[in-house]
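In this document, chain identifiers A, B, C and D correspond to the written order of the chains, with residue numbering beginning at 1 in each.
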Amino acid sequence: MKKLINNPDVVVEEMLNGYLKAHSHLVRGVEAHSRTIVRTDAGLKQKVSLIIGGGSGHEPAFMGYVGKGMADGVAVGNIFSSPPPDPIVEAIKATHTDQGALLLYGNYQGDIMNFGMAADIADMEENIEVKQVIVKDDIASAPREEAEKRRGIAGEFFVTKVAGAAAEEGLSLDEVYRITEKANQNVGSMGVGLSPCSLPQTGQPSFNLEEDEMEIGLGHHGEPGVEKIKLATSNVVTERILNNIIDEMDIESGNEVSVLINGLGSTTRMELYIMYDKVESLLNEKGINIYTSYVGDYCTSLEMGGCSITLLKMDEELKPFIDAPAQCPMYTQS
Amino acid sequence: MKKLINNPDVVVEEMLNGYLKAHSHLVRGVEAHSRTIVRTDAGLKQKVSLIIGGGSGHEPAFMGYVGKGMADGVAVGNIFSSPPPDPIVEAIKATHTDQGALLLYGNYQGDIMNFGMAADIADMEENIEVKQVIVKDDIASAPREEAEKRRGIAGEFFVTKVAGAAAEEGLSLDEVYRITEKANQNVGSMGVGLSPCSLPQTGQPSFNLEEDEMEIGLGHHGEPGVEKIKLATSNVVTERILNNIIDEMDIESGNEVSVLINGLGSTTRMELYIMYDKVESLLNEKGINIYTSYVGDYCTSLEMGGCSITLLKMDEELKPFIDAPAQCPMYTQS
Amino acid sequence: MQAEEWKNYFESAHIVLEENKTYLCELDRALGDGDHGITMSIGWKAVQEALHSKLADETDCGKIAMTVGRSFLSAVGSSVGPLYASGFMAGAKAVKNKTELSMEDMRQFWIEFINGVQDRSQAEPGDKTMMDVLYPVQAALQSEEGTVEEKFQQASEAAKNGMEATKEMSSKKGRSSRLGERSIGHQDPGATSMQLLFSTFVTEALNLKTVKEEY
Amino acid sequence: MQAEEWKNYFESAHIVLEENKTYLCELDRALGDGDHGITMSIGWKAVQEALHSKLADETDCGKIAMTVGRSFLSAVGSSVGPLYASGFMAGAKAVKNKTELSMEDMRQFWIEFINGVQDRSQAEPGDKTMMDVLYPVQAALQSEEGTVEEKFQQASEAAKNGMEATKEMSSKKGRSSRLGERSIGHQDPGATSMQLLFSTFVTEALNLKTVKEEY
């Protein structure tokens, strides 16, 4: 696959350079580590530090979500690889006041190990209180009995939104943790893939699909999905995915949800809105109310084709955190 | 190419349904025409009506730019086709107070004819004063001597931003027109294509490129470009495009510009930021100051691969309009 | 030609253009954005729907042509929409209030149709557009020689030649004009659809005429 | 094995894994996200750089192993980063303050290396991970029979068998575990790179030994 790059070995570095230059009023680097990015106002206000991160290649996630009302700092890994502990520790140190830090990341073994080591270092060496929330929204990645194994995908956007707003409110670490974990428990996603992405360094497609095939429940690094099916209409796919999520999450008539239709990279807004049209109709039929909706590219897999649906079960406590303003380089809400 | 749709004949209708449902707090349809969308607060405040539009397939352009600080209404055409006069007239009627209307669109013959007819109808039948600004930013589409023939591409975002902010300010039609036209005269763009898009109804790629080719100066409907070249590095392409724009626009050391790096659909943010990194360095070297920067998908061509660079030459009058807040379904600035 | 036959012609136009949808898209892919067949299909489908609804009981050939033009325009927009609409509306004036059209009426219709398109088109002969079909058609229809039927036959020939001649032209108007010299070698899609439209008309009109004469 | 030879081994590891970069990516494409070769390449390149900078004058084999682990981790993150780092750091303790390593020292190093990886890994035998290479290696190194050299030779065999056995396993850990049964038939990339790493070590160590004995 063709890419407009210079050298596959330095894509992340060049991307970060461009990003920091383009948005210097909102984010800045830190001297201690080239893979750490923080808000320009990091550390100025007493608040819990929200630190996010993960592999790159998911832009706008994760680096795009550093800013007011969202995260304080991010650690940026190689493409589809967890960052090592160092940049995570530096993100904590550069943003920390004395309210503690919340590490928020997806349920991948690499992230768990590296963020876990970073939490230990921050605790042991810096004496900073650290809590962790691990997002596990992908209902297709493990059955309900093994919900602990589910990986994190686009639902992390909602969890980050809630965490960021709660931290911005000035709530205590325990409170931010409790509310974030509540959002985490109430979010579910499932995706579909139409075409693969390729790593800049190999140029090879991450999986193979015939012209008339699609992959249901795939991961957002091009990991193979739950099932390959024949290309179906958007309505058929949407209904199948949505019903799965609703079942898995025990969402019922009278419940209220926020909806995210997330594009994986090369899927058009047109396709995402066509999907939303059906999601809205189906939820309506089932008597499930929509609180608020997001449609667009929130967590991509390079140029993968496909999308995911995420539902966040709302309650009165979560609403103001979803509604709160946010101002980040790649995401603004007012 | 695979698409997640139901029926190619109704993609625009289903997209609009989804769009209106997803963003009902910001935009609404009008009874008189299914292809007209206006701000929810249309007509409530005395102001010039800014009406935009064009073919669909460019999302977020144009429908995504209806909202506070941006356009009052939009007419949505078939894919890559100008809307007919009716939805344009209805957009004017549904938003008009008594301050007149500004029609803003790209320099395509179809748009000129249809918006022109709409302007005549609004004038003759509704007695509404209408002015028009036709965006011509694509410097690759015609030589400077025939600048009148240049088509409109991503630069329309900047012109819309300025026009929307000026109208929101409550300026008179003459003033909004003058300022918008000034932005229009000071904006220049050029693009590069790596991979084609396909129309849902034909499924055929809009052009053919070998695995080691790219197309310089192509249009954003998949129209062939100025030249096919061998795949080059991002830096080489960026330098070539940027120098072209700077030359064509007589931008000099000491000038100030706003920058837009626009993705055409399937180009990753990573690639766009790598490009921005180089743009910033080159402008720096030349002593050209960057006022503000935008990086992302602002005007796409379905799932085309590639991107464009746009420069808007700034002056003190334009700055506050670029800085003004905006709140649209697919674009928020705060 | 009775109003009913007039409407039948527009039905035929719908069918012929639907048949050529893929071909027209292919031609447009080489020169423009690849949608010309789709645009035609959407436009003529809308016309066909109007024929079966609004126009079901209409017998005024002028009103029929007017509605055909407006329906086409409303459905497609694009540049073809206004061009066609201007043509049909101008032609409509030439056959205003008539429920039956003589060959001479039809000749006037097409001459005015072409004037209408031309007003909006601003394309010169040789610019590689539908006008390269329409200018020769108009010349043939306005020629001093032959019967009206012969003029139409000549015009139909001229349309075909005009269409084919666009292959060798370098585009000066519309989307394909950006291609300049790269446009040479490709037949213009708009000229092609216009030729289909006009030839279909001539065939139907002359056929009717023959049937009537034999009758 | 002198400290210099110990460092040479890590240089060799870099070369061998660089040679197998594409192959490892291919294996990972079938089971995971297709980046294992890249991850190894980035990690060992960082190690190689450390060997030429920070470690240029280092003669403490423990410190060398420690820095190898930390450099690898800092460059790659991922899951392999912490696994390798834990291995090298645990192994480092076994050879602390030594500027020269006997075969027995090296045996202790690898036993502790494996304990270190295992602590973090939590993978059981048969889970289709690098542990399916390391468990049999550890068993062979700890066996009662034979000389240390023979144990290493046995362990090298065991590594190869363990690697190949991963083909028939259904993955229980890491990214590929989501594949379940669909993972059967594909050799595990992490087991493959670990086998390369260990076999390269055994070859170099025994080679040195032979050279010295001949000497």
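Please note the rule applied: a contact is a pair of C-beta atoms (placed from the backbone, for glycine too) under 8 Å apart; a residue touches a chain by one contact, two chains touch by 3 or more.
Computed from a predicted structure; not experimentally measured.
What are the chains that chain A and chain D both touch?
none
Could you pull out the chain whose C-alpha mean position is farthest off from that of chain B?
D
Take the average of all CA coordinates in chain A, do the same for chain B, and state the distance between these two points in whole angstrom.
29
If you average the Cα atoms of chain B and of chain D to get two centres, how far apart are those centres in Å?
That pair's centroid distance is 54 Å.
Provide the C-alpha centroid distance between chain C and chain D, rounded to the nearest whole angstrom.
76
Between chain B and chain C, what distance separates the C-alpha centroids? Give it in angstrom.
Going by mean C-alpha positions, chain B sits 33 Å from chain C.
Can you list every residue of chain A that touches 2 or more other chains, as numbers and ranges?
none
At least two other chains touched by the same residue of chain D: list those residues.
none
Have a look at which chains touch which and call the overall pattern line, ring, star, complete or other.
Shape of the chain contacts: a line, open at both ends.
By the document's touch rule, what are all the touching chain pairs in this structure?
Result of the pairwise touch check is A-B, A-D, B-C.
Over in the complex, which chain A residues touch chain B? Could you list them?
Residue positions touching the partner: 2-7, 11-12, 14-19, 21-23, 56-57, 59-60, 64, 192, 194-195, 211, 214, 231, 233-235, 237, 259, 265-278, 280, 293, 295-297, 300, 302-303, 305-307, 325, 327, 330, 332-334.
Can you list the chain B residues touching chain C in their complex?
On the chain B side, the touching residues are 77-86, 108-110, 113-114, 117, 141-142, 149, 151, 199, 201-202, 204, 206-207, 219, 221-224.
With touch defined as at the start, can you tell me which chain C residues reach chain B in the complex?
It comes out as residues 22, 25-26, 29, 32-35, 37-39, 42, 73-83, 120, 173-179, 182.
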